[in-house]
Every structure is written in structure tokens, then in C-alpha cells.
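One structure follows; several queries about it will come next.
Letters are used for the chains, namely A, B, C, D, E, F, G and H, taken in the order the chains are written, and counting of residues starts over at 1 for each.
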């Protein structure tokens, strides 16, 4: 058995690589899916495909339709979602992706520093598992495969 | 025909009263549902019902289970959701409630100032209607009832 | 028992009034829902609420988000959908609304002149009932209430 | 990961071959499904299997039941649907297939020339992505697989 | 609380009247829905609305589309289905209606004489309640309302 | 707005009357549904309706089909479920009803003494709210209606 | 692409072997699932596993629980269902299996001799394809794979 | 065809090994999934991953979130569930897992000694198959694969 894991969260640093590396070190049979992690490309993909747009909002609309196409297809394939919250950025997409997964019946593992628990408390209550580190998230997934 | 409208968004000021008042002025047949708008009570409701908790996270967990009970029941009754984003606060619950409604197939009207379009662009793309003011949100709902 | 009926089809003439009148004459306990039947208003509703848009496509996008809000809410309330096809106009919205209803499990009564059967044949095959006139559509609904 | 793509649209020319060829050139891991593209066969398949029918409508009914069997089975297997609209033909089946996919929760990429945006505006609003060319549709799908 | 009950079964005698009468005598808060119980009308309704058909099968097709419209609408409103099987007639519609209700998650009360248990055994196993008489079926429904 | 509440739990004492009384005292707009609370009747209802059965298991099967008919119909009407666990009885039906409600997407309020938390911990984790007393369960429901 | 086909119908003769053989001759990529075709075994499977039962109805109940376990699992795996009706036997299970598949959204190909159309007319109207012979049913499936 | 089987039940002895061994001896193409069978580990997994918790209830909450993550993922993959009840332990999780599977539409095979039928009677009525021994449960699954 292999599991597909969607990694929801900001795309400003390489936290997903860390998870991918650790998962390999732990020999976990996981396939990871993610949004476009190149932030500029994610912002420009609409114009890249559709050409220049009349204004910033139209540019955003074009980009977000491509980003959401990607997320919808990959989320549909996911068995479980890891959603990471941190100190920086608005992270509304992280909350959106986490809630989408929860409503689709897919279990969500929420990673957030303890000091962010208060603003994330309703999300935490709906998550299947709440942890503080990426390693703990992978340990939770490792537990699914262990038999003793 | 009457419609039930859930008002998702921050609970730090009285934006919902404004909407309720305007809707009445416009004679719209709308019933509004909302989270607990008394912010302190929303934070303390867990301890209020369950007694003192061992630490801040346990207090949050207790409160969020009550708040989510409320949201789940009221969201289930809603025909449409208005989700308001503004300059302040993390607003992760707003994103969570909006995405939950979208995934349940309930149409969402997103209110956000134009300058917040970029961080809200993926939410906007999934929303049924995107506007800048509360009045516009109600005009969109009024249009559902109009016949000419 | 009353039934809610959504009337899908072009908004260039007053075919819906005819149905409403006949239904009243036949004393049928039906409530009718419909898209905005004022064609200009339907085209302009986006700019009416959101203000002038940068170009024709943006104007269309704004209008269609309002029109689809209306259709989604009203379709959700419908027990049955009447979809009328005629000689004129592209009628892609009619096909879209009919297919949406079919996929949601709502029975569709298709009205089309016999000579349009060929291009509508796959829609007809998925419709619950296929008739040629508005009167026949109402007779089909009348039959639901009759007991002998 | 491979994706199954259903190609909805008219069956009067070979636009699907173009897409298949381009996708191969772009090395995209896509499997394409489509309606019967031989137009005569699509019209005659009912009589071919069931024998001569009493009249043109019965012939159409027989054919459409076979065509819809095919579409239902293949659509069910699809991860994403490309729906192409052009200047000619009624294209009610294209609208029907697109709306069916949307209602089933499958993302739809709409291809239409810009000048057809007005009649397709409600379909466009419900589509996940709207483009003008087949190449752009494939670029949108390519983006799902890209990581930087 | 009132319950809607769909009465599935043959339409050759007046077994439904018996149920309606008994239910009234027992003061049960039940609303009954049923197929057209006038057998001739049920067979002719297609031609009655659509005009003469080219052959017997086309006549049947026309009638069955009207009958199924009725059943779909009324079944959707039902909280529970009573399906009666007896010695005579093929009763394929009874089996079809019962299985449709079961698959939709609606509880089915199966009435059949004990000696028909063998051919109805798979239906019985999927039914919520299996009884031999109409009176027992109503007693089962009465039990839903009783509190001691 | 009124809410329907299903009261899942053992039927050996009158804990439900306490809840009903308290809810009335608190003026809560709640309608309560419950299994048959007369324990003997619940055990005998199968034979009461169907006559004497060949053995104890057949008697149980007959009774449980009637009890489950009741639970399915009433659970379907419920907006929220209160499930009470105590020191005595196996309470497998309580666990079954709670899990059924959870899986149907209905929020569950779990009442259990603190010392039973360990065996109920997986149920508690899936419940929306966990409390120790009936009063707390009603306070949680009261909170849904309060606005300040 | 391979398709899974469930063969619903009586188990008194070897009509399924004919279908399997023909499908192989036609090189169709189909996997067939079916109920237990050994009629005696189907009747006795309950007692075979559970031991002697107190009476004929209990024996039937035991057998039907095993037969329905099999059908549920295999039907869930099916992409399409062929349901064959003939002159003999009650065939209530055939109607039940066909209606179950229809309600689950699985396309059904109905095989029945023309002279049985009248009693099967409502089933026929809900079927995706109606044919008279096993060969025609396979031709309909072959058409799903053909591209010209 | 292979089937995935989730083994719900207590984790105090090695009843699952017995099933695995027998299934291998019978050459059944079954893959088995189960909760963590090491009871201590199941109790401690929360603290193992998240660190020491402030009290016993918090420790339980942490553990149950990990255990439920595991169950949700594995249950989702299951084609069928075997739920075993015995004389000892509360077995609320067994009832919860069985009811969850039933509500998700997955067939459940209930194993219980005959003398426990009374307290398990409502669960038994909702199960697809009820047996007394592990061997009988496997025979029921073997029957799904047999063809004569």
C-alpha cells in the first residue's frame, strides 16, 4: 500500500523538500503532491498561458484558475493532506485547502507552532491530527503502516 | 421563498449588523446566521461549559469544539454564504468556512477590498460572486428575487 | 404537496408567462423559478452591481457570476426542471442547465419541436420526459398529482 | 501519475487528433477519451445494432442511447474534461457534457474563440479554466505536472 | 412529525385504499404517495399526452417516461417505502421501486405472503422490515411514533 | 429556527426525561427523538407485530428490524445527536448510533463520565463536543442559539 | 482500458457462458462478474456456512445474506451492468440488481425479448440501452472502445 | 480480483493472526488492514509522537487522534469489514468501526458468539452477514470468488 499526500501551505520556502527528504530517510511509501512551489511562476502562470491581462485583478484571476485546476486534480488523488501553518504570510490558501480536504472526507494533519494554536483553533478541532513539526507529521503517517 | 445566509468572517466588529440593517431596508427575505459575535464569549465558551482547563491549548480546544458545533449546524441550514475578508486579523476561520461551504456545494459571495485580491485570488476564483462592499453582496442576493 | 419548477431556456421572449398562465388555468400547485427574463438586465447585472468593467469579457464574467448565483440557488430548490429548446439562439445555457439538473438527479422535461430532435437527441435520451409543447409539459406535471 | 482527459465537442472535424498529437509532442502523460468521432457512425449506431427503426426519431433515440452509454462510461473514468466550442453547429452536446462534468465535480477546461465569449459566458464562469486555443488547454494540463 | 410513505406495488386492485383506510383508523400521521392506480390510464398516459405512437413499444416508452417522472418525484419526497408483493403479475416495477428506495437510503417495508419468501429472499434481506400483511406494515410504522 | 435532537443511549432508565425537562426549563427550541424507551417493548416488538418466532435469535432479529426502522427514520430527521455513555450495559447501540450520525455528517455531542474517557477515546475524538453531564450537553446546544 | 461488467439475471441456465464466449471471440477487454450460477449452491450457501437452520425462511435468510454480500462487493466493482430478462422465473432479483445499479449511477444494458417490453417498460425507460439479444449487448459495449 | 478487508475488533489478543493464517491456507486473495494491534503502543502513540501530555485525558486525546487517522485511511481502502465481538472488553470501537463502515456503504461481516446475539441484535440486523466463527467469515468471503 502506498499513500498519496497533498502538501498544503505557503510556497515561499522549501519546507516541502524537507518533508520529502525525511520521508525517504524513513522509507515511507508516500507520494507527495503539491501546489506549484515556484512562487513567481504561480503568480504569472495565467499570463504565461493566456497572454497579458488588462489589469492586476485579471492577471490574478487567470493565475488562480490555473492554480486551482492543479489543486483540484491533485487533491482528488490524495489519501491524506498535510497542512502547514507558520508565522508569516496570510496563508488563506492553506486554510482553504485544509477545509476543502476536511469537507471531502480526507484526513488532514495540521502542523503549526504551539503559539499559533489560538488563531488556528477551529481548524485544529476539525483536523484529524495536530502536530508542531514536520517530523511529527511523518511519524503520524508512519504509524499507519506499522504493525507493532 | 426565503433564503438562509451564513455570515462568515471576523468577530471583532459589528459588520454583520450593518448587513442585517441594510437587508431589512431593502426588504430582502433573508434570515441571517452567524458565529458567536461576542469575541470574549467565543474564546471562553469551552471553559464556561466544561470548567477550567489545564492550559491555554486545552481551553482553545474546548472553545473550538463549541464554536464548530454552532457553525456546522448553522452552515447546514444555509442556502448561501457571505464571507467577508478585511485588512486585519488572520481570518483563517473565514477561509475555512468559505471553503467548507464551497465544497458542500453552497454558493459563496466573497467580500474583500480590491487591494486584498492577490492573497485571496484562489478563494475568489472558487467563489460564486466576488464584490468589494457589503451592499454589493446584498444587491447580488436581491437579484435572485427580482424578475425584471 | 406543491412542486417547485425551474424553467430553463432562452430569455428573449415570454414563453414562461404562457406556462405560468396555463398552469394557473389548470390549477396546478406549482411554483415557478426562472433566470432573469429581462435580457438586457441579465447582460448588465455585473456592471450594475460592480461598476464598469475594463472590457467586454470582464463585463460578461461579472454578469455571469450573478446569473449563475441565481441559477444555483433556484435550481437547488427545484423538484423538477422544464427545459425549452427552439429554433433560435445558441441555447447553450439551456443545455447546461438541463444537464446540471440531470446530474443532480432532478427530473427534466424537455420541450423541443420535433424537427429539432436530431441535434437534441442525446439530451432527449437523458431527459425524463420529451414533449413538443408547453401544454404537454404541464400535462406531464399534472399527471403527477392525479389519482385516477 | 497519468491523467484521463475526456474531449467533449463537435465530431465534424479532427480537432481531437491535433490535441493528441500536440500532447505527445509535449510528452504529457495523458490518456484521451472521446465520443465516436465518425459522425455517420454516431448517427447510425442505433440501427446498426438494433436494426431498422420505424422513423427518424426512433432512429435518433436508438443512436443516442448508444452514444450516451459511451459518454457515461468514459466520463466516469475522466480526471478532467476539455470542452471545445467553435463557430459552427449547435454544440448542445458539448454544453451538456461540460455541465455534466462540472456537476460531477470534474474540472473542465473550456476552449472557445474570444468572440464566442458572450454566449458561453455562464459556461465559462463554471469552467475551471477558459482558454482560446487547444495549445493553451494542454499548457494548463502541463502545469499540473510541472514542479518549477 | 408526519411521514411520507410511497406505496410500491401492482396497480390491478385497490390494496392501497385498504392501507389508507386502516392508517386513518389507527390515526397515523402518514401521507401516502403512489403510482397512478388506474391501470388503463397508466398504460395510455404516453399517447394521451403525446398523441398516437407508431407501435406498441413506442407507446410503452411514452407511457413509462410519464410514469417514471411521477415515481421519481414522489419517491424523492418519501421518508419510507412500503413494497407489496403478491401471487400475481410480474411485479418487476415493485422490485425496481423497492431497490431504488433501498439504494437511496430510504427504509423499505416489504409485504409478502410467507410462501413467496423464497423468490423474494434477496429483496427481503435488503428490506428494513419484512411482514406478511398490510396491517403489520402499518403497525411497524405506528411503532416509530409510539413512546411507550 | 428549531433543531431536532436524537437521544442515543441505553433505555434502562429515564435519563431522556431529565434532558427533556431541563431543555424546557431553559426554553430551548428543541424537538427530541429517541428509540423506544420501554425496554420490554423494545425487546418484544418483533413478536408483537409478527407473532411468535421459532427461537430467541429469530425473536431478536424481528425486534431489531423494527427498532432499526425507527432509528433510521428519526436519525434522518435529526440535526444533531446526543449520545450518552454510562457505567452500565454494553451500550453497543449507543456507539453504533453515534458512529452512524458522525458518518452521515451530523454533529454528535458525547456525554460520558470522565472516568470512562479511556474506552470512549476514539469515539470522543470523532464527536463534535464531549461533555460530562446532560446539562452541559444542553448548554452546548443553547450556545447555538445565543447571539451574545 | 478494461471494463468490469456485472451480469444480472436468472441462474437457471448458462446464458452467461454464451456472453463470456462471444466477448472473447470479439476480443473485448471485459471482465465479467456474476452471482453464484450454481442454483443449488446459491440456495444452500447459508446452511453450508452457518449450519442447519430452524425453518425454510431462516434457511433463505441465511442464503440471501451470503448472496447479497457477493452482489454488493461485485456490483461496487462494476463499470456497467447487463441485466437479462426472459420468459421464465420471477426475476425479481434481476429487477432489483438493475435498479440498484441505476440508482448507483452505473449504466445498465437491458436485454429482453420484444414481447416482454410491456411489463419491463419502466425498467427499460431507466436503462441506458435496451436490446433483444446478448450479441447486441456486447455490440453496445464494443462501441465504447471503437474509434471509427 | 483482490479484496481489501479491514479487521475491526479488540486488540487484546491475536485473533487477527488466526484469520490471516486461515485465509492463506484457503488461498484467498485478501489483503488485511487492522488497527495497531500492540495495545500499549495504541495507548501511548499520542505521547510517543507529541511528547508528554498534561493529564490522562489529554494523553487519550492525542492517542485517539493517531488511531483514528490510521482507521480512517485504512477503512477508506477496504472493500469489506469483518467486525468481531467477544465476551470481554467494552468493544465500543468495534461497534463504532462497524457502524462507520455500514454507513459508508461497505458490507460488514459480524462475528459474535450466539449468546451475544441479544446485545448485538441491532448491529446484526444492519450487518450484511452474521456468523459465529472466524472460519465462517472467511467462508463467506471465499463464496464471493467461487463460481460453482
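We adopt the following convention: a residue touches a chain if its C-beta (ideal position, glycine included) is under 8 Å from a C-beta of that chain, and two chains touch if they have at least 3 such contacts.
By chain, UniProt protein names: A, B, C, D, E, F, G, H = YtoQ family protein.
Just so it is clear, the model here is predicted, and its values are computed rather than measured.
*Asks:* Tell me which chains count as touching both chain B (YtoQ family protein) and chain E (YtoQ family protein).
*Replies:* Correct list: C, F.
*Asks:* Quick check on the interfaces: B-C is repeated by which of F-G, B-F or E-G, going by over half of contact pairs matching?
*Replies:* When the contact pairs of B-C are compared with those in F-G, B-F or E-G, B-F matches.
*Asks:* Roughly how many whole angstrom separate the Cα centroids of chain G (YtoQ family protein) and chain H (YtoQ family protein)?
*Replies:* Here chain G (YtoQ family protein) and chain H (YtoQ family protein) have centroids separated by 31 Å.
*Asks:* Quick one: report the Å distance separating chain A (YtoQ family protein) from chain C (YtoQ family protein), using the average Cα coordinate of each chain.
*Replies:* Each chain's C-alpha centroid was found; their separation is 40 Å.
*Asks:* Express in whole angstrom the distance between the two chain centres, defined as the mean CA positions of chain A (YtoQ family protein) and chain E (YtoQ family protein).
*Replies:* 50
*Asks:* Give me the residue numbers in chain D (YtoQ family protein) that touch at least two other chains, ranges are fine.
*Replies:* Within chain D (YtoQ family protein), the residues that touch at least two other chains are 61, 65, 68.
*Asks:* Between which chains is there touch?
*Replies:* Contacting pairs: A-B, A-C, A-D, A-H, B-C, B-F, B-H, C-D, C-E, D-E, D-G, E-F, E-G, F-G, F-H, G-H.
*Asks:* Quick check: in the complex, which residue numbers of chain G (YtoQ family protein) touch chain F (YtoQ family protein)?
*Replies:* On the chain G (YtoQ family protein) side, the touching residues are 54-55, 58, 61.
*Asks:* Mind pulling up the chain H (YtoQ family protein) residues that touch chain F (YtoQ family protein) in the complex?
*Replies:* Touching chain F (YtoQ family protein): residues 56-57, 60-61, 63-65, 67-68, 71, 85, 90-93, 95-100, 102-104, 114, 117-126 of chain H (YtoQ family protein).
*Asks:* In the complex of these two chains, what residues of chain A (YtoQ family protein) are touching chain D (YtoQ family protein)?
*Replies:* Interface residues on chain A (YtoQ family protein), with respect to chain D (YtoQ family protein): 31, 34, 36-38, 41, 45, 48-50, 65-66, 68-70, 72-74, 76-77.
*Asks:* Name, in rising order, each residue of chain E (YtoQ family protein) that touches chain F (YtoQ family protein) in their complex.
*Replies:* 1, 3, 79-80, 105, 107, 109, 128-132, 136, 139-140, 143-144, 146-148
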